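Step one of this worksheet: look at the structure below.
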Amino acid sequence: MKKLINKPENYVDEVLAGMQAAHPETYQVGGATGRMLHRPKPVAGKVGVVSGGGFGHIPVFVGYVGDGLLDACAVGDVFASPDMNPMLDSIQFADQGKGVLCVVGNYGGDRMNFDMACEMAEMDDIVARKVIVSDDVAAAGREEAEKRRGVAGFVFVTKVAGAAAAAGQSLDEVETVTQRAADNVRSVGVALSSCTVPQAGQPTFDIADDEMEIGMGIHGEPGVRRGKLRPVDEVTDEMVDMLLADKPVSNGSRIALLVNGLGATPVEELYLVFRQAKARLEAAGAVIAQYMVGNYATSMEMAGASLTVLHLDDDLEALVKASANCPFWKV
Amino acid sequence: MRFSKETLKMAIERIADRIDPIGAEMNRLDGQLGDGDLGVTLVNGFNNLKGIKDDLPDDLGRAFFAMAKAVTAVSGSSFGTLLATALMAAGKQVKDKEEVEWSEVRALLQAAQEAMIARGGANLGDKTMLDMMDSLISTLSGKQTPEEMLAAAQSAAAQTLKTFRDQPNKIGRARVYAEKSIGLDDPGMMAIARMIDCFD
Amino acid sequence: MKKLINKPENYVDEVLAGMQAAHPETYQVGGATGRMLHRPKPVAGKVGVVSGGGFGHIPVFVGYVGDGLLDACAVGDVFASPDMNPMLDSIQFADQGKGVLCVVGNYGGDRMNFDMACEMAEMDDIVARKVIVSDDVAAAGREEAEKRRGVAGFVFVTKVAGAAAAAGQSLDEVETVTQRAADNVRSVGVALSSCTVPQAGQPTFDIADDEMEIGMGIHGEPGVRRGKLRPVDEVTDEMVDMLLADKPVSNGSRIALLVNGLGATPVEELYLVFRQAKARLEAAGAVIAQYMVGNYATSMEMAGASLTVLHLDDDLEALVKASANCPFWKV
Amino acid sequence: MRFSKETLKMAIERIADRIDPIGAEMNRLDGQLGDGDLGVTLVNGFNNLKGIKDDLPDDLGRAFFAMAKAVTAVSGSSFGTLLATALMAAGKQVKDKEEVEWSEVRALLQAAQEAMIARGGANLGDKTMLDMMDSLISTLSGKQTPEEMLAAAQSAAAQTLKTFRDQPNKIGRARVYAEKSIGLDDPGMMAIARMIDCFD
């Protein structure tokens, strides 16, 4: 294991401490167990937006605490759901009397614990609802779309929720439009190398020096195809094909595009992916109304990239473009 | 004495007193079919419960919720999550009450069982703690005093273990070892039986 | 070689095309050979600021074209100096009658070619001057400081030059304050793994699975010490010690700090480096007036991190904090 | 005919005509001591020069600068950079002139040599193209016509190669092979000798 870390068992808490030290105007460590990151003060007069999930995906989840994004976020161990308590802490912090929306990745533990946190919150007369992000088209077919994992699509869904809340929408409205974002976002990734969970000490999976895996999940879950590494244009073509097969675009369809690095892939290569993805999507008729290129949803030192497309309507486009600000992303 | 937060406090004390040997036994049992962490969950869970037992709110509903919070703080294991789910479901039944009749305990168990089924997606007959809950709910029917209830629960627990021993596990981690599980007690069922014994 | 690329010989040009496609409002590919990236239009009425250097360090050099930063930048092949022509193109593009400052890393080819470009520009009556960045304390001792390589300190020096020019300072003034930034910036890095030059196809250097090299250059130039990988706090201590030994801080010294990832190191780990560096520098009396954590000067897929300290005076602090905007950095 | 842009054009044509075999030879020679890219530099450089030879500005200074630009566009090798440096230094000497006397060529070489020393940091005697330049400068002293100059240059070039052959290289990539370089001609020197021969 080759990491710039101290003791594996302190990894998560020390990184959170570093994040607060670097960005105290945005991040404060809180909660009974120090596993919540929240804004220094809740923003009054709006619906709260929170999330939570396993660690090791920075900026997902916890990095997106910020203006027009999350009010608070629960933090688990590496690749493991937080327990219910920091989720409840987050909901309680974010609630300003108008209710709270939880943006949750489609993983069993995350869902179950957020369910409990919402029920607990109810006991305090806080209305908390959940929108599930399940954007990974490689994880299951269209007929089982509810089984798909949540990956980088989280970024757009969170952006929509945060912007709707910041615009003063009611919980019902925020929930509706966020659910529409979740319904209209699709992702697929390609992994070139494994990551290593610090407490495990060994790479999560093996992959040969000349292999890639299309569709692999952000914890190393199996993808749809393992094969020889191909030129980036061909790899990108395959990913674009999967996205368009799952949800086509027609002439003039407006989309938001995220070309995302998994952690260890140089940004130079992400621009190669972007170049080809843009060409292909535009050739298919799409209008790329908003896009990002960079490390927005990672798996520590995993090498690879993912493509995320959010199919826009007028409301979603306005919300995706609304201003937002966290240390990893300014819009 | 009716069922109140004092009952919950006493229950925590009784089980916490004996949880270390029970934990060791459950780790072994869970290790034969699963990941061997059930005992860890139990030991840590009851440690947390001990930490809050003197500060339980008078409101029974809130007392159950406080216990659920304490249990969820320990780990992401199925048993912990389901136990917390059960406690919350029970809590909802007794919101804003400080005491209930002992005869109402059965209704709390029933609410708990329904919530656990909803949360965990298992069915009765899958050889899980749900089946143990089910036979407890049956046996408590008509029982009025804690003494009666304990005796009935103990014999029902023993019988249930026996009934399911030679059936295969059908859910969770143990399902992969369905064949191997024949002849072995389900760890979650056994854990409940051992907890009941703590009141003897 | 495990890279998401097409043909190695097209790597640089395709990445530049991707950068322009992603950020056309900031980057335009130009020059006779397509090896200049420049702003869509030169900004009138100010001193021009340009740079240039080998490729594979994004955002250094070319990513820093933007508001309050570079007007144009010459692009070489991977780890190889651009020839004089795109440098001259850059100078000519940036010149608006007030002269041009070239911020140049201390590498033989870069210096020589910028010398020629400045001479050539003179022929067109353009006044172009050079400030050399040589911040790597590991590359040579204090008595031979002029032999030090230019590494991540480039970011701060460019920021100062860009801000001074944007503020309407004359070429003399921009040059003077930029030189002061160059004189007061120190860096040191630690490498954990090699990068691979696409046309070479093989890792640039070998390093064992449990080794690190303190002081390694951004092309794999030898450092001061190769040894067993240590906990991040100890590695950070060693780097901070080297920086402070070279240029101490006294109580109340104001500094800017950059915790930089070399490309493949997860940002989580950079926050661990930041946490310890901040603690140590503050314990030494420094006041961290400005800081950044992220991938600001990379070596493709090299793993590791570097620390850069800019010792501030009032002018430098104001310039470092002045607003700036490029796709990789908003101030 | 005095020295003008037509002279430069003619020189480019003459050398470009024969640069392919010269390039092959220089790659071999450079490969014995260095990285074997000198020939590539020469071939690409004169290809570029051919591309601009018909568009040279009348102003001799600007013509030299245009040639320097064309040479620098090919690669980052030492010879290319130094040749461009030489052309720029010569250009500065004749800024705003369209013609100069042949006798002034020596001054141009001298300016070029100084600039190359300043840029490259080598000394006379290091066995580089500088030493070739030096003997050319000496031999051209007092020569007035191109014919006289060519003859003198050819014999000086041959003599210089011979003089330095048995000395070690003291700069650049070849320095690492200082011992090995004894007995071998310096590729940069040889390249200049071959270029002079093109005017024969």
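Per-chain residue numbering starts at 1, and chain names A, B, C and D are given in the order in which the chains are listed.
Operating definition for what follows: a residue touches a chain if its C-beta (ideal position, glycine included) is under 8 Å from a C-beta of that chain, and two chains touch if they have at least 3 such contacts.
All values reported here derive from a predicted model rather than from experimental measurement.
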item: Contact distance in steps, from subunit B to subunit D; value: 3
item: Centroid spacing, where centroids are CA-atom means, of subunit B and subunit C in whole angstrom; value: 61
item: Distance between the centres, which are taken as Cα means, of subunit C and subunit A, whole angstrom; value: 30
item: Separation of mean Cα positions, subunit D and subunit C [Å, integer]; value: 35
item: Overall pattern in which the protein chains touch one another (line/ring/star/complete/other); value: line
item: Pairs of chains satisfying the touch condition; value: A-B, A-C, C-D
item: Sites on subunit A touched by subunit C in the complex; value: 2-7, 11, 14-15, 17-19, 21-22, 55-56, 58-59, 190, 192-193, 209-210, 229, 231-233, 235, 263-275, 278, 291, 293, 295, 298, 300-301, 303-305, 327, 330
item: Complex contact set, residues of subunit A against subunit B; value: 32-33, 76, 80-81, 83-85, 88, 109, 112-113, 115-116, 119-120, 123
item: List of subunit D residues in touch with subunit C within their complex; value: 61-62, 65, 68-69, 72-76, 81, 84-85, 88, 91, 95, 119
